[in-house]
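For clarity, chains are labelled A, B, C and D in written order, and residue numbers in each chain start from 1.
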Amino acid sequence: MDLLRIADQTFDSRLMLGTGKYTDLDVMRAALEASGAQIVTVSIRRVELGAAGHVGLLESLDLSRYTLLPNTAGARSADEAVRLARLARAVTGTAWLKLEVIPDPHHLLPDPVGTLEAARRLVNEGFTVLPYMPPDPVLAAQLEAVGCATVMPLASPIGSGRGLLTRAQLELVVERSRIPVVVDAGLGVPSEAAACLELGASAVLVNTAIAEARDPVRMAAAFRAGVEAGRAAFLAGRMALRPHASASSPLAGVPTLPDPEVPV
Amino acid sequence: MDLLRIADQTFDSRLMLGTGKYTDLDVMRAALEASGAQIVTVSIRRVELGAAGHVGLLESLDLSRYTLLPNTAGARSADEAVRLARLARAVTGTAWLKLEVIPDPHHLLPDPVGTLEAARRLVNEGFTVLPYMPPDPVLAAQLEAVGCATVMPLASPIGSGRGLLTRAQLELVVERSRIPVVVDAGLGVPSEAAACLELGASAVLVNTAIAEARDPVRMAAAFRAGVEAGRAAFLAGRMALRPHASASSPLAGVPTLPDPEVPV
Amino acid sequence: MDLLRIADQTFDSRLMLGTGKYTDLDVMRAALEASGAQIVTVSIRRVELGAAGHVGLLESLDLSRYTLLPNTAGARSADEAVRLARLARAVTGTAWLKLEVIPDPHHLLPDPVGTLEAARRLVNEGFTVLPYMPPDPVLAAQLEAVGCATVMPLASPIGSGRGLLTRAQLELVVERSRIPVVVDAGLGVPSEAAACLELGASAVLVNTAIAEARDPVRMAAAFRAGVEAGRAAFLAGRMALRPHASASSPLAGVPTLPDPEVPV
Amino acid sequence: MDLLRIADQTFDSRLMLGTGKYTDLDVMRAALEASGAQIVTVSIRRVELGAAGHVGLLESLDLSRYTLLPNTAGARSADEAVRLARLARAVTGTAWLKLEVIPDPHHLLPDPVGTLEAARRLVNEGFTVLPYMPPDPVLAAQLEAVGCATVMPLASPIGSGRGLLTRAQLELVVERSRIPVVVDAGLGVPSEAAACLELGASAVLVNTAIAEARDPVRMAAAFRAGVEAGRAAFLAGRMALRPHASASSPLAGVPTLPDPEVPV
């Protein structure tokens, strides 16, 4: 059976979901259900602060069904991320952590240096670290070397829905990683999620594309199917690309056929 | 229920399959089964000629389950296409026809002028015509005007697996068509099929990408899922694209949190 | 010397200019000068109608310096194009013609069937025909066969500035054409013009990208340089693409160097 | 006048050249001449080692005409880079330095963490540091903050000729940088160099695309023109993109014209 293995756990689903931006917790729960996701990330800081859409969020999740993945959204430095990680562990009781170190609230891009430093410290403190990161193959190798459980490179700026703008670099990240590569941030439609799996990523994480769809629950099901399609295609082994056309069978020597209805 | 309507028939599946390039008819039948396809195209000329992979092909298809779509592969002109169409009707008993007019055996690209002429004549002869065509919005409107049941623009050169190289033009074809747009030729992986459905195409036709996959049956299932993902996403209404990142909730005024484990 | 040959004339410049959309005829003349263009297209119909920006246009061009290329903009059918062509010849005295057959004023895309028909008739009437066309390799071969002097496939919708959206098809048009391929419509910046020349197109035609630039004269010079860059690169023969990186010299066996400033 | 300012120097040219991979120093000198480059980078380690193509390289450059930019190619860590930098300064007498920290000789991608560390140390030692880097906006801001003179993000893997695969990230690097952004690595043809300048990069560095062209001298001239085109276009201000076509003048109310040659 084709399972996703992260640290010491295995999962059927290769689609992880975020919980921000939902207008309604019932819609969020229904989307989770439709997505088949088994891993769900939550911003502990927003929960603690009672930010919009986050009141009662943790309580609303059936944690017998989902692996909770607290994240450090809001941390601008390694120090802040480490402190938020400890808070997350204290609040939720899990040592799994989606590490985010994002210094600039405008572009919301991860800090490679701060992420590596925080990852090193958190692994040493016993966390199972899944770091959000730029699509940088060298950094991916360094995060793997310090003991991260996955790497989570971005497809395009978070929440932008611009899709797979970093394909060439993601291919290199996948090529050299021996831990799962989870593409996180920027996916807008299921075809983009499928493409990530086709190029060898192990999973994807989606939030805005589902939460902001006109029909989030249907979109969650669509992403589920897209991820399954991409994974199946990866396992099935795609056809070779050809620079030119190729007929369905040899055409050489094919005689002209008589016309069956019009007498010659 | 979301059905694909072509002429006077309806279909659950939005994935059509070709039957060329299979090394083995059993594999072909299993791939058809896994794909969920309800419409299957067959080159009547290759069947009549006993071309490689085409001996016994028609007999091997369970026509109680599939709508047969004979095609005019091998026709280099409108005249040849019309004659092959009549042959196809005589041999198969169906008036449905995938029209192909391809003058050049090297690039295998459709002739816009010959295709329009043949379509006009075949519609007048009572055929239900689904024409293979370049991704040309003006030609699509003309084919619709002469009474075609669908248009079938290409994504990239047939058999190349290069994917969705004509997206901008396909978007225009979809925007102005009131008959189904079926993207045909060049798709290599399910993500590309999903993208066609997401941009509003009604269906896709796939052959080489499945027949030449390392595991054709698994790839057929992958395309099935990809098409379902793309259609569901289209119906769900995708999120708006943003030029920049967007945080999961407002960050303004967020205070720095105390560290729960390390006393200050 | 590297000259562009069209019909019986030769040109140094591979950049043709349109004359629409200028707010001021002096700016237009200065842009023409800066572009180095030798061929200039004019909408005869707009001139005759005294449309905005077209009053006095013909008189303002120094026809001792430019080869005038009247166009049939506004023609929605082959018949209308033929009549506008005759008008153009009567008014301007030249038999050179940029043929445009555009049925739909919304998308402004060329009609492949009507263009081929009009081209055939106009060649027979002695015109030197340069047809605007969809990026369709089969149609290009047909236009060449009826005696056109060039083909002029589009890069993207006219006036959109979206750039080279039809690259794969343009490559096929170039590959099979023995008459000059002039990419016309949709180019927004000089890099896109350069790319057309690099892939083997013989020339480009630009209008909106210059007329609507903040500084049209400087942009005209920029396009001139871009076209020269692309042509020179085509003649120089580009490096082969590599899937991966390649060091500037072999690294194997390179010893670690001593540090010149810090004693070991 | 439009000058490129780096540290305390100004330059007319926005094209920098590398010196590796040439088969012949005379060809290299002629290519430099044709390129108009004023800044030339040299691998000090290869020169010291007498690597293929590097014997006599420094002596062959007329340093009254070119600003020499020694690089640390071959350094796999910050420590090695710092030592190579000191060697470079000792050998060449210049404190300008192209910093390269590349741990993996297979993919040849820069190490973000090691690059930042080495940059900090070298700035403190009085070097003028131009760091080669991944296309990472956060890292670019950090390199700027420690006092680098430019940032040099990559377009695609070095020596691959794959072009501008990191456009979306480069746009963000440009948007937030107040020091010059010099795109370095992966460019294959002048159109790609032009595109870098059009999106706001201050300069590009090219090596393999010229050294491995069939005619390196002509290709050097082509890149010169491409860079000038891109810069001029940036200064001229490009037209706005439109999703759809736009006619050259309003078509509404245009009457059908009489045919001048055929009496009605």
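In the analysis below, a contact is a pair of C-beta atoms (placed from the backbone, for glycine too) under 8 Å apart; a residue touches a chain by one contact, two chains touch by 3 or more.
Listed by chain with UniProt protein names: A, B, C, D = Thiazole synthase.
Because the structure is a prediction, the values reported are computed rather than measured.
Here subunit A (Thiazole synthase) and subunit D (Thiazole synthase) face each other with the same set of residues for the most part; over half of the interface numbers are shared between them. The pair A-B is the one among A-D, A-B or B-C whose contacts match those of C-D for more than half of the residue pairs. A centroid comparison over C-alpha atoms places B as the chain most distant from subunit D (Thiazole synthase). Rounded to a whole number, the gap between the C-alpha centres of subunit A (Thiazole synthase) and subunit D (Thiazole synthase) is 33 angstrom.
Separating the CA-averaged centres of subunit B (Thiazole synthase) and subunit D (Thiazole synthase) is a span of 43 Å. In terms of their C-alpha centroids, the spacing between subunit A (Thiazole synthase) and subunit B (Thiazole synthase) amounts to 29 Å. Annotation for subunit D (Thiazole synthase): residues 107, 109, 157, 162 touch two or more other chains. Taken pairwise by the contact criterion, the protein chains form one closed cycle in which every chain touches exactly two others. All chain pairs in contact, by the document's touch criterion: A-B, A-D, B-C, C-D. Here subunit C (Thiazole synthase) touches subunit D (Thiazole synthase) in the complex through residues 18, 20-21, 43, 45-46, 48-49, 51-54, 73-74, 80, 83-84, 86-87, 89-91, 105-109, 157-162, 188-192, 194-195, 198, 207-209, 212-216, 218-219, 221-226, 228-230, 232-233, 235-251, 254-262, going by the rule given at the top. Put simply, subunit B (Thiazole synthase) touches subunit C (Thiazole synthase) in their complex at residues 103-104, 107, 109-113, 116, 134, 136-139, 141-142, 156-157, 162, 165-169, 172, 176.
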